[in-house]
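Two complexes follow with chain A in common, the first pairing it with chain B and the second with chain C.
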Partner chain A sequence: MKKVYGAYLCTGCGIGDVLDVEGLKDTASEAGVDMKEHACLCGADGRSFIEKDMSENGINTVIVCACSPRVMQENFQFGEQTITVRANLREQVAWIGERKEDGSIDDFLQEMGTDYVRMGIVRAKKAELPVPYQLETINKKILVMGGGLAGLTAAKEAAKAGYEVTLVEKEAQLGGKALGWRKMFPTAYPYAELEAPTIEQLIAEVQADSRITVKTETEVARIAGSPGQFNVTLKDAGHATEWDAPARVTVEEQDLIAKGEMEDPNKGFKKYTVLNPDGETFGAVVLATGWKPADVSQYEHLGHGSLTNVVTNAEFEKLAKNGKVPARVAFVQSPGGKDNDQDFPYCNSVTSMVTLKQANYVIEDNPVDGQAYILYQHMRTPGNAELFYKGMQAKDGVFMTKGSVTKVAAAGSGLAVTVEDTLLGDDLQIEVDMVVLAAGMVPTTASQAVINLAYRQGPAFMDLNLFDGYADSHFICFPYETRRTGVYACGGVRKAETMEETMDDATGAALKAIQCIESANRGVAVHPRSGDQTYPDFFFSRCTQCKRCTEECPFGALDDDEKGTPLPNPTRCRRCGTCMGACPERIINFADYSIDMIGSMVKSIEVPDDDEDKLRVIVFVCENDAYPALDMSGMHRNKMNKLVRFIPVRCLGSMNMVWIKDAMSSGMDGALLLGCRYGDDYQCHFVRGSEIATKRMENIGETLGSLGLEPERCAVREIAISDYDKVPAIIDEFVEEIIEMGPNPFKGF
Partner chain B sequence: MSMNVQPDLEFIRAMKEAGGDTLKKCYQCATCSVACPLSSDGNPFPRREMILAQWGQKDKLITDPNVYLCHQCGDCTEICPRGARPGEVLGAIRAYAYKALSWPTALADLCSSAKNLPLLIGIPAAVIFVFWLISGGMHIPSTEKFANVGYGHFFGHWDFRWLSKNVLFIDIIFLSAVAIAVISLYKGVTKLWSGMVATLDNKDVAYRPSVVQFVKLFLWPALVEIVKHNRFKECTVNTDRVKGHLPLVLGFIGLFIVTIYSAFTQDVIGIFIPSMHGPISMWNPIKLLANVSAIAMIVGIGILWMNRTKMEAEGRASNTFYDWFFIWVIMAVGVTGMLAQVLRLIGIPSLGYISYYLHLVSVLMLFLYLPYTKFAHIIYRTFAMAFERYRESSFVRNPLND
Partner chain C sequence: MSDTAGNGAVLVVGGGISGITAALEAAEVGKDVFLIEKNSYFGGRVAQLNQYFPKLCPPTCGLEINFKRIKDNRRIRTYTLTTVKSIAGEPGNFDVQLETAPRYINANCTACGDCIPACSEEIDDAYNFGMKKTKAVYLPHEMAFPRRFVLDKDACSAESLEAIQTACKYNAVDLGMQAKTFTVKVSSIIWSTGWNPYDAKKIANLKIESSPAVITNMMMERLAAENGPTQGKILRPGDHKEPESFAFVQCAGSRDENHLEYCSSVCCGATFKHISYIRNQYPEAKIYVFYIDLRTPGKYEKFRAKYMADANATFIKGKVADIVDERDGGVTVVAEDAVTGSKVHQKVDLCILATGMEPALGTTGKALGVTMDGNGFIVPEPEKGMMAAGCAKSAVDVYTSGQSSTAAALKAIQIGR
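Coming up: the complex of A and B.
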């Protein structure tokens, strides 16, 4: 495609009031693009103004110098065959400054505007139209792992949406844990009465559905390939096969194995890159392998395992399902005694709810003398479950108190429970027939790989050790997603949840699997950059096989080929660009986002080399959180330092350190990275982008030092999207430090 | 302190029947304790009482002084976010406590339910009627005689000069009733006091107050406070109640004086001067006091009646037999007494006798049921208020340690 450029300047929204329009137009001309102005580009008139100009002059690459790229996206969309680049003159220039007191144009602000115009034009010149990655064949079948409530619901919902489903269950019978429940929680107003479980009906529906193939007593040996073409090997439950997923082997371990200094842990297994010719192909996977009842025998003072009639909630449910429960029962919610008030691990709000349900069994089975003692540190009954809680609380025979259960001991034919710090003001001794411990629900992923991927990064989900063995994902922003594209978790494996939540959850995961398949089919990213048609393009002839991209990819998108060269799996990829940032050879690029593009944008910024007041600081901004924060700051008309120039990046993980070198060598005085928080409460859309960037920055600091530049000229700041009011001060503070250090000594060279 | 818990399910059911049906709604947020002036840092009232009641810990509750100190101002009920109505629950606890503290149990049980209303009225009605039959006075007098002696010959007349027949019968009936009530209350107060003492942190009281000290230091100031109605005035939600309760209390005091006076004149002086029997002049100061007091009582109970009706209509109080039975009995005593007097003055013996009969029945109900109905609060609350002073006194608290 031969690119013909057209730049359009909007003078509305105050842009024309504070900036010198002619000056901006001259800047565009100098960059070789003719720029036309309009008072309101986003209006119908403005749009037809652009469209007319485009058709008259054959323009196919448009630079809109107006508002932020985050707004008015529809208005400036000119079809699939047009490249549109936005220069943010409104939120990040016009709205952060004003004319001088004497009414003349502020040259600092004007220089900002001209730099953004230049950067926009450079970006347009370097951008290519993306060509979506198309799989040769796509398989739209969905594999559901686990035949419990979550798996059955996911299978049913996916089938209902028209997709073929294979449901794999390792037991002989479908239904999972739900089969053993006597009652389930109320699902409709007034949320007062427990309901009969609907699991049998669900099993029948799934078995009768012609779109669903049920395979019981079957397990997944391994899942190879990528979304749209997963190569899945199934096996009889409990048997080892050569197709079992191989363990992770790091680069160093691989060396040791090659030298014969370490035994290959995967001896006897097929290599992870080998596809099973007899394997079944699937488009996406729903992981619904559920949970295991927690072992609570470690809490010796509670006597599970040593005293008869001390049982877990799961064991009590079994009793209740099969017959009458004892009349006097104490329910213990928290194991910590007086030391801590936490509930049993892996409980979420479910164990509170289960206890209320089971207390009802006690008074239902023993209408005259039933006594259920609920000894809690927390009762967690979210949403409408509060109504159920109120109903249970009102029942005669249900006694609740907050308190620390310090001991359970045998007393006569029964048990004596000691509770301290109660709401009754005294310590209590309660004589009961049975004690029920509100044990948690441990996800199956806590102890096993479960998903059994044949990936370079190993068979399990990557674990940041932040989520107690739950499949790691961005839990709040992107539920169901795991760090493996195409695998969507739901039910107890994702979170301790009730049956009602599980059904919602499973439906969500099924829809997510469908979204994944359809996105793969169109060659676009699934999430969080939904619809992105670009994907990383590797210029392999210059690859040194350093494997940094393979190691750092947060989503395990890269395998090795036979020769050890990275093997991209574009449908696994989320287009964050972490590989692009990692690559020392700079051979990984996207059609509209490349090392050269960003580098050229940096170099397009004019750096005055004779004015000590006009220092320049380049700021690379994560476009997920930090960039919107800057926009919001502008919308609030907060002032912004006029020495900085912002360049959005997909994720700080995509920060290639060559751009810092580009900035410093073009005479800029400092470089700042604005990214998301990392660590325990990380907010990165791509899990570790800002963390990786920080590490890379530490290294670049050393390089700068060896050149005689202060390492402090480069820094990283973590900000959240809600920090829009703080960001001007963060920038100012950094710029002050740079001013303190003085201009870049290489300026002008 | 460790407590062996055996919830009394019966107690919880009794609570629910006696207007404490909202009891189980409490989720222990302690908003009530913030509102209640009786609550202290170490003793969150009535938050703790609510959970004790939920757990059926009746023994702890019936000896809890705060339960009796509560004047049911209704502030807690008003602000309770859960609609648990702590004020009503405390009322129900008191109803239960009067029953539990009293003797004989059968009579206490009888007084606790509206179902027994026919018996509650029937027994005194039958007693008076039977005595009327036995006395031989069983006829309606002539208008002339009625004008002379009034109700003085209700239970007949004899010429035996030491004690009039009428006074004898009235003494037999009412002194018996009062004796039962006094024994019952004595037992109850003893039980309550020792229970309250057991709640003290310092049970090792070195010096116990003498009876004189007790009356002077604790009981009398409590009585003064009761008459002054200071606590009622602290209420914010239910301020109207004091307008009824104060005249009622003053009326009762007046009538108490009148009753003592006439018992003295009839039973003691009358023995020597038979002319003391029979109606006294309307302008006699005692008669004036009686009438003023009676009117105060009727007006007072009327205000409380209306106040309660209004509160119930607004959903701020619950409709309980415990509260209403007491209001009805007082109203009946006042109205029948007043009516009997009016009918005597206008000279209609038949209706007068019926009114007088009903008056005797209602007064007997008031005396006989005193320990088991809401009326018991005049004794138990008074002693709780005395205890409140006692527990703050230097008999219990060593001022050197505080």
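Coming up: the complex of A and C.
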């Protein structure tokens, strides 16, 4: 496309009151673009003003110098074949300053405005229309791993939406743990009575559905490829094969293996890049491999493993399913000890509910002499589960008390349970036939990779230690987003859940799998840059195979090819640009976001080389959180330091350090990065962007030091989106430090 | 896409986190979605929260991403100040009549704020639960989406209205705006009508009306928020005292047959979050939590453990019987300690009632053919083309709302096939 440019200046919302309009227009024409002004570009009149000019002059690349790109998007859409770039003159210029006291234009503010116009024009010149990445063939089949309640539900619901599903289950029979349940929790108001399990019916529905292929006694050896074309090797359950997923090998380990100093852990396995010609192709994966009962034998005072008739909740359910349960049973909710009022590890409200359900078995099977003692620290029955709890409290034969269980011992033919700090005042000793411990539900991902990806970054989900091994997401508001695009977990593998919650969860995971397939089919990104048509483009002939991009990609989108060159998998990619930031050769770029584009924007900023009052600080800003905070600061009309220039970046992970060098070599005096909190409670939508950028900045500090520049001229600050009233002071503080250091000594060279 | 897109389109009623999620998840599969919200802005209850637990991160961060997804997605049509009037037809083919109340500010609004000084009337700021005033022409809050002002026309004098109209350079004030009724054709309906804080005035013994030292947990969110009535400083309403002691009354209305018989799920976690707010500002303040059970299961246990370890926080298992006004502006909380059996009289400067969630749809739902359980929660009926998501269905946290909204999106899509 031959680009024809047009710049449009809005003088409304105060822009024309505090900035010299003619000066801005001159700046644009110096940059080679004709700029026209209008009093209100976003209105119907303003929009037709632009459209008319576009059609008269054949303009297809528009620079709107007005409000923030976060607002009025629909007003400035001019069709899919038009590139629109926004220069933020309102929130980040006009609203942060004013005219001088004598009524004249503040040259500091005007210089901000002209720099933003220049940067907008450069951005427009460097931007290309994206051409979506299309897979040659797309497969819309969904693989569901695990044939328990979660997997069955996911398969059924996906099929109901019209998608083909293959369900693999390692056991001979479908149904998973739910097959062993005697009763289910109540699922409908008034939540009073336990219900007969519906698992058999669900199995029958799945087996009868022509869109679902069931493969029992089958496991996933490995999953290679990417969303839309996963290459999956299935195998007989429990057998090792050469197609089993290879272990992760780091770059350092790879070197050691090559030198013969380390044994290759993947000897005998097919290399992860080899696609299995006999593999099956799938579009997306639902992971529903469930949980295992937790081992509670480490609580010696409770006697599991050493005393007969001390059983776990899972063991008790089996007894109850197969016959009559004993008459006097104590249910222990918490491992106890004076200082510990937590539940057993890997518990959740489901385990409180299981206890109530099992207490009901006791009085049901022993109508005359049944006695169920529930010894708890906190009964966890949220929402409507409370109604069932209330009902159980009222039942004859059910006794509940808060208390700390300090000992379980053999007593005659039964067991004696000692409980302290009970609601009944005294310490208690209860004689029972059996003790049931409310053991937790350990996700299958806690000990094994399970998902068995044949990826450069290894077979498992990353950093699950943050979630105690659950295949969970870190995002409260985006529970399904993991670091492996196209794989969506549900059920016990990601949280100890009730059956009701599991069914919702599995239905949600099925939706996400479908959505990922349809997004890949359209060539667009999934969350959080949903709909983005760009993707990273590699100029491989200059690649040095340093592997930084493959190592740093938070989503494992990059593999290596036979020669060790990065092998992109665009449908795994979430478009954060971390690879672009990592690349020392600067060969990774997006159609509308590139090293050259941002570097040129930096260089387009005018740096006075002889005015000590006009130092310049470049600030790279995470567009997800820090940039909106700057906008809202402007909306509050907070004053902002006028020596700084903001450039939004997709994520701090996309920060290529060459931009810092560009800034310093063009005489700018400091560079600051504003990004999200990192660490265990990270807020980065791309997981590691701000953390990676901080590491890179530590390294660039050293480089600057070797050039004779103070490393402190470059820094990173963490900003939350809600810090809008704090951000001006954060910026001021940094600029003060720069002023103290004095101008960049290379200024003017 | 037009107002009569039909054929597989989904109507999502309620634009809080659940409705936004359901709408986006369906639209990003490729379905047409109408998302309506009765308020003047999207975001619902989470837009009023200062932080989420356990990460202690601002909810506006997730809302920002979701609003961006909405703005970037042409399959979603959004309508604020809009409610359902009637539903006709059957699953796969509903005609739903909607009504949009007048905002009196049209799409020309740039949110420049020039109208604010022209307006002479102030009204209670609903976003801040009336703890501060706002001008009668206002942006509901900083992050409000859509970023468009609202005019409370009835609150303004004729002179004021004229001044507001004159102050607007963009011809955005439309005093003649009328309620607009229109019909959409959809295949399925997702109800994500959310919750209201249970009205603490109904819990007579907790005395919210008799002392400014008694507030609700949602008011606490606003007090701790930088865009709240006190710029984020936790001060006692009325006299702006910096509290030296705090009491939390858990299950204020919840788990109580006279009020809400179910457990509201989130209030225990919210109280631990509030302890974190207090600790950031008052490292030495005394905190007393009166509870029945501390319901922070699963991944919330670590979060609770962190604040249980606080030497100046005391946790008393016992239901609060009474709250008594004190002359110094504080209150005394009266309860029985269920473990020791002793009566507790604890005087504090500020008392926070952990009020629960009441489903918001209310009786209008029944008139529209929605099935509701004995507590007013919606019973999903996919066979009738009616889904429910989030707290409209049961009292749950945001994470679980995300799950159920995503699930509801799939159930809706199945009908439209």
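In this text, the second predicted complex is superposed on the first by the 714 of 749 C-alpha atoms of A that agree within 3 Å, B and C clash if a C-alpha of one lies under 4 Å from a C-alpha of the other, contacts with A are read in each partner's own complex, and residues count from 1 in each chain.
By our rule, contacts are C-beta pairs under 8 Å (C-beta built on N, C-alpha and C of every residue); 3 or more make two chains touch, one makes a residue touch a chain.
A quick note: this is a predicted structure, and the numbers were derived from the prediction, not measured.
In the superposed model, A:343 lies in contact with chain C only, and not with chain B.
Once the two structures are superposed, chain B and chain C can be ranked by residues of chain A touched, with C on top. Touch criterion not met for A:746: it reaches neither chain B nor chain C. By the touch criterion defined above, A:108 reaches neither chain B nor chain C.
Once the two complexes are laid over each other on the shared chain, residue contacts for A:495 go to chain C alone; chain B is not touched.
Shared-chain residue A:396: touches chain B; no touch with chain C.
After overlaying the two complexes on the shared chain, residue contacts for A:683 are found with chain C alone; chain B is out of touch. Of the two partner chains placed by superposition, only chain C is touched by A:478; chain B is not.
Residue contacts after overlaying the shared chain place A:425 against chain B and chain C alike. Residues 390, 402, 423, 425 of chain A lie at the contact with chain B in one complex and at the contact with chain C in the other. Put simply, chain C touches chain A in their complex at residues 17, 21, 24-25, 28-30, 46, 50, 52, 55-66, 68-69, 71-73, 108, 110-113, 142-143, 147, 169-171, 225-227, 231, 255, 261-265, 293-299, 301, 305, 308, 317, 338-339, 341, 373-375, 377, 379, 394-396, 398-400, 402-407, 409-411, 413-414, 417.
Per the touch definition, chain A reaches chain C in the complex via residues 12-14, 39-40, 42-44, 67, 70-74, 157-158, 160-162, 188-190, 341-343, 347-349, 352, 376, 378-387, 390, 402, 421-423, 425, 467-468, 470, 472, 474-480, 495-496, 501, 503-512, 514-515, 518-519, 522, 526-528, 530-531, 624-625, 628, 632, 635-636, 677, 681, 683, 685, 720-722, 724-725. Touching chain A in their complex are the following residues of chain B: 1-7, 9, 12-13, 16, 24-25, 27-28, 43, 47-48, 51-52, 54-55, 57. Interface residues of chain A facing chain B in the complex, by the touch rule stated above, are 369, 371, 390, 393-402, 418, 423-431.
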